[in-house]
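As structure tokens, the structure follows; a few thoughts come after it.
Chain naming follows the written order as A, B, C and D, and within any one chain the residues start at number 1.
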Amino acid sequence: MTTLPAQKIMEGKYVLLYLSRRKTYLVKVEKGTTFHTHKGFVKFDDMIGKEYGCRVPSNLGIEFTALEPLLRDYIFKSMRKTQITYPKDTALIVMFSGIGPGSRVVEAGTGTGALTTALAHYVKPEGRIYSYDVREEFLRTAEKNLKRAGLTDFVELKNKDVTIGIDESNMDAVILDLATPWLVVPHAPSALKSSGTLVSFSPTIDQVVKTVEALKENSFVDIETIECLMRRMQTERGKTRPQTLMTGHTGYITSARKAAKSKA
Amino acid sequence: MTTLPAQKIMEGKYVLLYLSRRKTYLVKVEKGTTFHTHKGFVKFDDMIGKEYGCRVPSNLGIEFTALEPLLRDYIFKSMRKTQITYPKDTALIVMFSGIGPGSRVVEAGTGTGALTTALAHYVKPEGRIYSYDVREEFLRTAEKNLKRAGLTDFVELKNKDVTIGIDESNMDAVILDLATPWLVVPHAPSALKSSGTLVSFSPTIDQVVKTVEALKENSFVDIETIECLMRRMQTERGKTRPQTLMTGHTGYITSARKAAKSKA
Amino acid sequence: MTTLPAQKIMEGKYVLLYLSRRKTYLVKVEKGTTFHTHKGFVKFDDMIGKEYGCRVPSNLGIEFTALEPLLRDYIFKSMRKTQITYPKDTALIVMFSGIGPGSRVVEAGTGTGALTTALAHYVKPEGRIYSYDVREEFLRTAEKNLKRAGLTDFVELKNKDVTIGIDESNMDAVILDLATPWLVVPHAPSALKSSGTLVSFSPTIDQVVKTVEALKENSFVDIETIECLMRRMQTERGKTRPQTLMTGHTGYITSARKAAKSKA
Amino acid sequence: MTTLPAQKIMEGKYVLLYLSRRKTYLVKVEKGTTFHTHKGFVKFDDMIGKEYGCRVPSNLGIEFTALEPLLRDYIFKSMRKTQITYPKDTALIVMFSGIGPGSRVVEAGTGTGALTTALAHYVKPEGRIYSYDVREEFLRTAEKNLKRAGLTDFVELKNKDVTIGIDESNMDAVILDLATPWLVVPHAPSALKSSGTLVSFSPTIDQVVKTVEALKENSFVDIETIECLMRRMQTERGKTRPQTLMTGHTGYITSARKAAKSKA
């Protein structure tokens, strides 16, 4: 991510074609071709060689903006074959895990790779993500999504059942986004470094209760569960108000720290 | 953050002495000294050379856990001379800004350096944070907080008025946490690379309205404002419920992308 | 509402045909006719003379329950020609207004009569609602909705502009659900009894700010603005969780009490 | 609640001495005595014979307003010997129960009588509340609170265990605010009229799950559980924002309708 020369849009790279907050398209730039929308088609040749952020008219005269895709664009535009992780949850999972550049992380399950993409983004270039999923077709989707985001080098996708065991050790964090996190918790202490973190994301309360119980049984400390409600504002002088539509629930985030067995 | 050899607690480093979620202490390890709490005192000599995550009894027999401090511990334990940024807001600001390892970021104002600490954590070791504040005493506090977190090398603290202008150019992001963000917005396009992001955090609606208007006037696109409500869960089989106490509001987060002037 | 003899379903009365929480129909019972749904048709003759709460199969064998409509069914099923007031907001408006059986209330604007229906329900049989609207077609809709709920005797619908003045005096409460509440506030003190309440419902923040300013200028005290977020739970052993869909915003509720002019 | 002659403050009645939203005092007017606050003392003789809403200075020159107490003042100022029900929850319980003037309601447990007060307020003068509690000392507190609000005539307090059975029949609603609502649900159908409502308020998720299961087993339909988050706004031109402090959780409200046994 050297930033000094102004970044040009190039063939083979991705752009986020932006029409409005609700209408954005994550597309690959291909010479000589066009991209079709309900507001007319856009020619890629109109943007190649220009700077990201340039304005591009469709054949119907509607103006699009060709933005450089950000992490959250890649996350939100993951091919959805399963429940996606929302950017707000991804952000909190990353924060509570304490990871950063150079961190080594076990993730399970991979799913479509939305969360994997975020984890890889934050630990690159020295860190690594070891991502487990028993479902091969998900791993294939995740690989495509990671490739699109340019992050395959930092991830090892593993077609293995993480409830049986974790191969890695001395990890900075174990991050769980699967149906039965409490079955993975007993394997986490041997995978984690001393004082390492475990973060689990679950939609139901019953999953949370079982996971917290497993964490207590396995000597974890600083166990905490939170939920996060995000609401958009409609901002316009004289008409400002929260938006009517809102996602009321995605999931609970549980975090904990590995500790030595209590002597008490 | 090399992780292979198990991490030992060493003199001069920090530990997070954990008693309960509400009672944690971020302290510097000093040989031959003790740390006093309302649950008795703890001897640092009892932990030096042990692994992070070890259990340490106070002289009253109360067991503490000596955890390795994480980013959010440093953020939350910033010396509070001003309103702190909450970890949830920090996480969302980082996510919406799109930054990661190697990013170059202008931040204003520095305040106690809580958000600066987070930004530096995520862009290290190649990225840089240029953090502005007109208040010298805040910069001194921020410097101490950054030093404690081991992140001074990645931050340039600047005692300058960012509403007059921004020295840097070709930045990946401009991040604002100050009283009058709309006065900084006109300087942001020249500081940002094409398609770069601006993220602003403000407690009041009036600040949001003025900032959004300034962003529209300066050709930004993908302008969005959100707020995030975080609630803790009290998890215990048969008694699980959301906690009674909750922070109802910290601030609104506005994000936007720099774009070329519209020809429409 | 004498309740002693078990209540039978009779011709000309309304029933709430219940299939699921999302699929309910508020219909008038008419001898010899049928009611058509996507799950087949139901014969009214199958329910006439039976008790409310009876089960009625459609011709496709799908079972409906014929419930006695409650206040909130009438409110929620108001013919929607304008933004409806949600039951949660209605409940809070009623509570904050302090009204009850016998209260005398000015309401503006009438709209479809959803809030009017609730107010009349709670003040009957001795109280009265004086409901203003400048739009005649809304008053006609409101009249139909009130008639359906059997509450016309307790309401006087007035086709007048409440921003010009209020005819009534010594009212227990003035309740505002219109675009410019601040234009009505100056007329409220002469309409209210000493210590009477004013409650206003508005979707935007700017409306709230203007209304609160008008209340302060007109010597009101105990001025308070709240918003209420309601979320449904999906309750099933082992799968309990908040629902994904949620209404993020309906409006703000401002309440205040009439007081003598301050001598301070 | 005859409202025509302006209401005067009289000896033996209650006033709400209002200083600010946070500082209000519900006190009985006694001739020749004074009421002491941290802002000086107020003489009752200064208000006797004046209209509610009058301004009364303390001996330190601080101005109080003598408001007529409303339902929610009585609810909120209940002598707190147990967890109180919040006005927002009371409002929603009343709305979901469908009750109004003339309704006949079984309530359990009575507690301090805060919810009882609200129920009595809305069903008077023809309706009745039959309120059960096994704890005699609570019934005594509730009686005092009801007397203060002038509502004793509309309530029958019963020192009985509602989990053993309900004496009444043909009730419009059964309203539960006790630790084990699921033990009362099996008795509710015989207490309720056809199509009558049951509403239960519980702080924990486990209580909700058990209650919903009991409702399903007892042929109730239209079973729904919600929670309500209420947030105050701080309204001032140029500084408007939600308040920092917020109650994150009080309890879940479950409502259901009695129906005949399904033949399906």
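Throughout what follows, a contact is a pair of C-beta atoms (placed from the backbone, for glycine too) under 8 Å apart; a residue touches a chain by one contact, two chains touch by 3 or more.
Just so it is clear, the structure is predicted and the values come from calculations on it, not from any experiment.
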Interface with more contacting C-beta pairs, comparing B-D to C-D: C-D
For chain A paired with chain D, centre-to-centre distance based on mean C-alpha positions, whole Å: 46
Between chain C and chain D, centroid-to-centroid distance (C-alpha), Å: 20
Distance from the mean Cα position of chain D to that of chain B, given in whole angstrom: 43
Numbers and ranges of chain C residues touching at least 2 other chains: 205, 227, 229, 231-232, 237, 240, 242
Pairwise touch network: line, ring, star, complete, or other: ring
Chain-chain contacts as defined at top: A-B, A-C, B-D, C-D
Chain D-facing residues of chain C, complex: 1-4, 6-7, 18, 21, 24, 51-55, 57, 63, 65, 67-68, 70-72, 87-88, 90-92, 94-96, 98, 100-104, 118, 121-125, 170-172, 193-197, 205, 208-209, 212-213, 221-233, 235-237, 240, 242, 252, 254, 257-264
Chain D to chain B touching residues, read off their complex: 203-206, 227, 229, 231-232, 237-250
